[in-house]
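The next block holds one structure in the form of structure tokens; read it before the comments.
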Amino acid sequence: MIVSDDLFVPMRKDNLNAEAIVRPQLTFWQEAWLRLRGNKLALMGLVVIVLLGVMATIGPLISGHEYAKQSIIMKNKPPSEANWFGTDDFGRDVFTRVWYGARISLFVGLTAALIDFFIGVLYGGIAGYLGGRIDNIMMRFVDILYGLPYLLVVILLMVVMGPGLLTIIIALSATGWIGMARTVRGQVLQMKNSEYVLAAKTMGAKPFYIIRKHLLPNTIGIIIVYVTLSVPSAIFAEAFLSFLGLGIQAPMASWGVMANDGLPTILSGHWWRLFFPAFLISLTMLAFNVLGDGLRDAFDPKSRR
Amino acid sequence: MLSFVFRRFISMIVTLWLIITLTFFLMHAVPGSPFEKEGKALNEAVAANLNAYYNLDKPLLVQYGLYLQKLVQFDLGPSIANSSDTVNKMIARGFPVSFQLGLISVVFAIVTGIALGVIAALRHNRLIDYLAMIIAVIGISVPSFVVASLLIKYLAVEWKLLPTATWGTWQHVIMPALALAFGPIAIIARLTRTNMLEVLTQEYIETARAKGLSPATIVLKHALRNAILPVVTLLGALIANVLTGSFVIEKIFAIPGMGKYFVAGINNRDYSVIMGTTVFYSALLIFLMFVVDVLYGIIDPRIKLHRKESEG
Amino acid sequence: MDKTEKLLEVSGLRVTFKTHGGEVNAVRDVNFTLNKGETLAIVGESGCGKSVTARSIMRLIPEHIGKIAGGSIHFKGQDLAKLPEKQMRELRGKEISMIFQDAMTSLNPTITIGEQIMEGIIRHQKVTRSEAKRQAIEILTLVGIANPESRLKQYLHQFSGGMRQRIMIAIALVCKPSILIADEPTTALDVTIQAQIIELFKSIQQKTGVSIIIITHDLGVVAKIADRVNVMYAGKVVETGPVRDIFYNPQHPYTKGLLASMPRLDSDRSIPLSPIPGTPPDLFSPPIGCAFAARCDYALEVCRNYQPAETHVHSKHAVSCWLQDPRAKKLLASMQPPTGT
């Protein structure tokens, strides 16, 4: 290699760093979003959830039917131009009813998930943050509740409180927050004992700063994932309860109720009465599950490379 | 280890007592007499007789004491809807059926779930992994009553391969067991896959590779064992899942199991049956979870160390 | 022992890793040889590619993510870089063994120690279990573990840190390999245990004649054990030579920097240790010229855009630095050296 002699002079240091190209620095959210965007399945889940939300809002309005209007002449009609998803054994429009049911199922799912979130984060956060004796007592209590078979307790509460939308949400929330509390508490405790929080404290960081800068970014991912995954489990529980006759009462419709009513159609051949609610329950659960999984991967710092 | 078993045993008893108490007071918090049905009040003398028979005329705490006393003797009390029947008799009739169905489902779920999870992990990010995970996500997303309906529609109604419902021969077991195992298979497959992928990145797997062991040996000997250990902890939840699932499945397939009595109890608002079966189910579950925890301690040689670390 | 017979020859080795940010050139054109019965140390900062180099020899680079992008690794008439995985498996643990930094995570916690030692023997020597057990006891005795027979039945968590590392060494040596690669074998240990493990390496080498490649960032370990040293920086070997030359006549400014940042018992305490300022370059887009230029006190304009060629100080001591160029030497002679070095 022939190198010109005049290059043998001390290097000018000032513009060296300017030439160095470094890996783009991404914030926590940017990186998570980048990874979520790469996950086609999770994105599809998100799109489906948005579509379901839109249809739940406008579905009952655009069908031209009322969800509770009965008609003996229109009994058990297959899907047609007038009734897009057919009619049920009371002549009610299935299309209107499934979207009406979507409102209820989504409402139950989201509300229960949000209540779980608030109670769980508060309870777990306090237990983890205070630690020691209080944490011990609080967690003993949670451990005992955790040992109870969850759906059995929900059923019991439903029997006592009687069927209805509000009681479903109360019954689901009464047990649903426990898992969240355990997760949050575990995270907080782990974080609190971590060396980087100790380091931050050593440098005089105030509790609020530590919560904002260290605790939140490290737990928020897990919390979001947990909330996303508790929506489908609440929707499932509602369908389960309605199926046992403990859920929403007629003439209101939820997917669980409609599926239960549609069960005999396996034999009678009026498949649309079972198919549409069953399909929508499955689709909703699927969408939330794949989105939750995608979020889990996106937020997991271990999967960063 | 012994102190761990002891502590776990105490917490089991406390949990059990808690749910018995909770169930008892919840059931007695229901407004109105259990003998009133949709506004039709009973003759006062008859009501008084019935109240006396079921101890409902005594103060609540006394009733509670009497209930506990009977429970200790494994007497779950009589049925309200049918005074000639008792909860103990119902369990004697229904439980063997439910147990058989449940056991088959659990075993089927564990074997299939683990196999699916391991295969998916070993073929990570390849077609078979995606297929297995699609099956798993569907398994989690599709409620068991939908699975059951589909099975009935095709296997029984369309193709007439299996009997539609009821109980008796081995053919009767297949569809309900499949429907019941479908969700748990998905859960186990996902957990196994996640653990397996995690274990495969462990350094001791690298050490095993550095020894020149074949991939099959590494997987079977070093990875699988450590990957399915956590599945054992899932057993409790799995059994609970199968148990509650059986309410729906037994209803759909008209199987004369415990679930049938429980659901009938709910529909008839037969509080002593609900209470008795709940207590029975809870006791069963809590006991099984206790067994699982102790088993885990025996299987995993690290457990003692772990406990020490997590407590420290 | 004659330490001139070539056992392993690595030439032009390049290893790349795929990441979200692009391709990382972890090892960039590395050349070196390992002779029979000698100990070669590879030193450098974290991320300089020393571990990746070692793993390439074992072909233990994570599949799908990393790959050997070029070069060859010649060992006993075969090119390990191109050997089919199945044949490679025959060599691992038998001809070439590796031990890792942290024995706690590198051994299986749920399988007995005995089983973990014996499975290698059974795999490669096709012997009975009782013969494998006899060999396992023998090797445990060799690495200095008392009561080997009863220890075989124990699990990892029943051993102390130093004992775990001895077990790792036992597992690696049990099939009498000709090369032992030790990746930071003493880093996770207490200083006293470190010394014991180093002594163990030495005595094993004397007894078995195994060649050792030791990867470390601890020059103290290098001084005690190595015959020759490769100094790596940003995926390249920047200086190589016998351990005496590296310590007493370092040529590359990076090697000098490493030595200056090492505390020594005999050094004057009033002179503070001088760390090397700055950080290694980003290997997503390696510098065109000398990778060390940005941190180098003596950097020349030529370093910016031209890679330095390898220059031999003597037959065994080579360095890749523009300062070896006669023109640079002339320039240096005409200038006062910067103070403090």
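Worth a mention:
Note that the chains are named A, B and C in the order they appear, and that numbering of residues resets to 1 at the start of each chain.
Here is the rule we go by: a residue touches a chain if its C-beta (ideal position, glycine included) is under 8 Å from a C-beta of that chain, and two chains touch if they have at least 3 such contacts.
By chain, UniProt protein names: A = Diguanylate cyclase; B = Dipeptide transport system permease protein DppB; C = Dipeptide transport ATP-binding protein DppD.
Since we're looking at a predicted model, the values are computed, not measured.
In terms of C-beta pairs in contact, the better-connected of the chain pairs A-B and A-C is A-B.
The chain with its Cα centroid farthest from the Cα centroid of chain B is C. Among the chains, the centre nearest to the mean of all shown protein C-alpha atoms is found for A. Taking each chain's centre as the average of its CA atoms, chain B and chain C sit 54 Å apart.
Centre-to-centre, using mean CA coordinates, chain A is 24 Å away from chain B. Here the CA centre of chain A is 48 Å from the CA centre of chain C.
Multi-chain contact residues of chain A (touching two or more other chains) are absent.
Listed in rising order, the residues of chain B touching chain A in the complex are 11-12, 14-15, 18-19, 22-23, 26-27, 29-30, 137-138, 140-143, 145-146, 149, 152-153, 157, 240, 243-244, 247-248, 251-252, 263, 266-267, 269, 271, 274, 278, 281-282, 285-286, 289. Every residue of chain C that touches chain B in the complex is listed here, in rising order: 58, 60, 64, 89-94, 97-98, 100, 102, 105-111, 119-120, 123-124, 155, 157, 168, 171-172. Contact residues of chain A toward chain C in the complex are 1, 3, 5-13, 16-17, 19-24, 34-35, 304-305. Interface residues of chain B, counted against chain C in their complex, comprise 125, 202-204, 206-214, 217, 221-222, 225-226, 229, 300-302, 305. Chain contact summary for the complex, chain C toward chain A: residues 19-21, 65, 281-282, 284-285, 287, 293-294, 298-304, 306, 309, 322, 325, 327-328, 330-331, 335.
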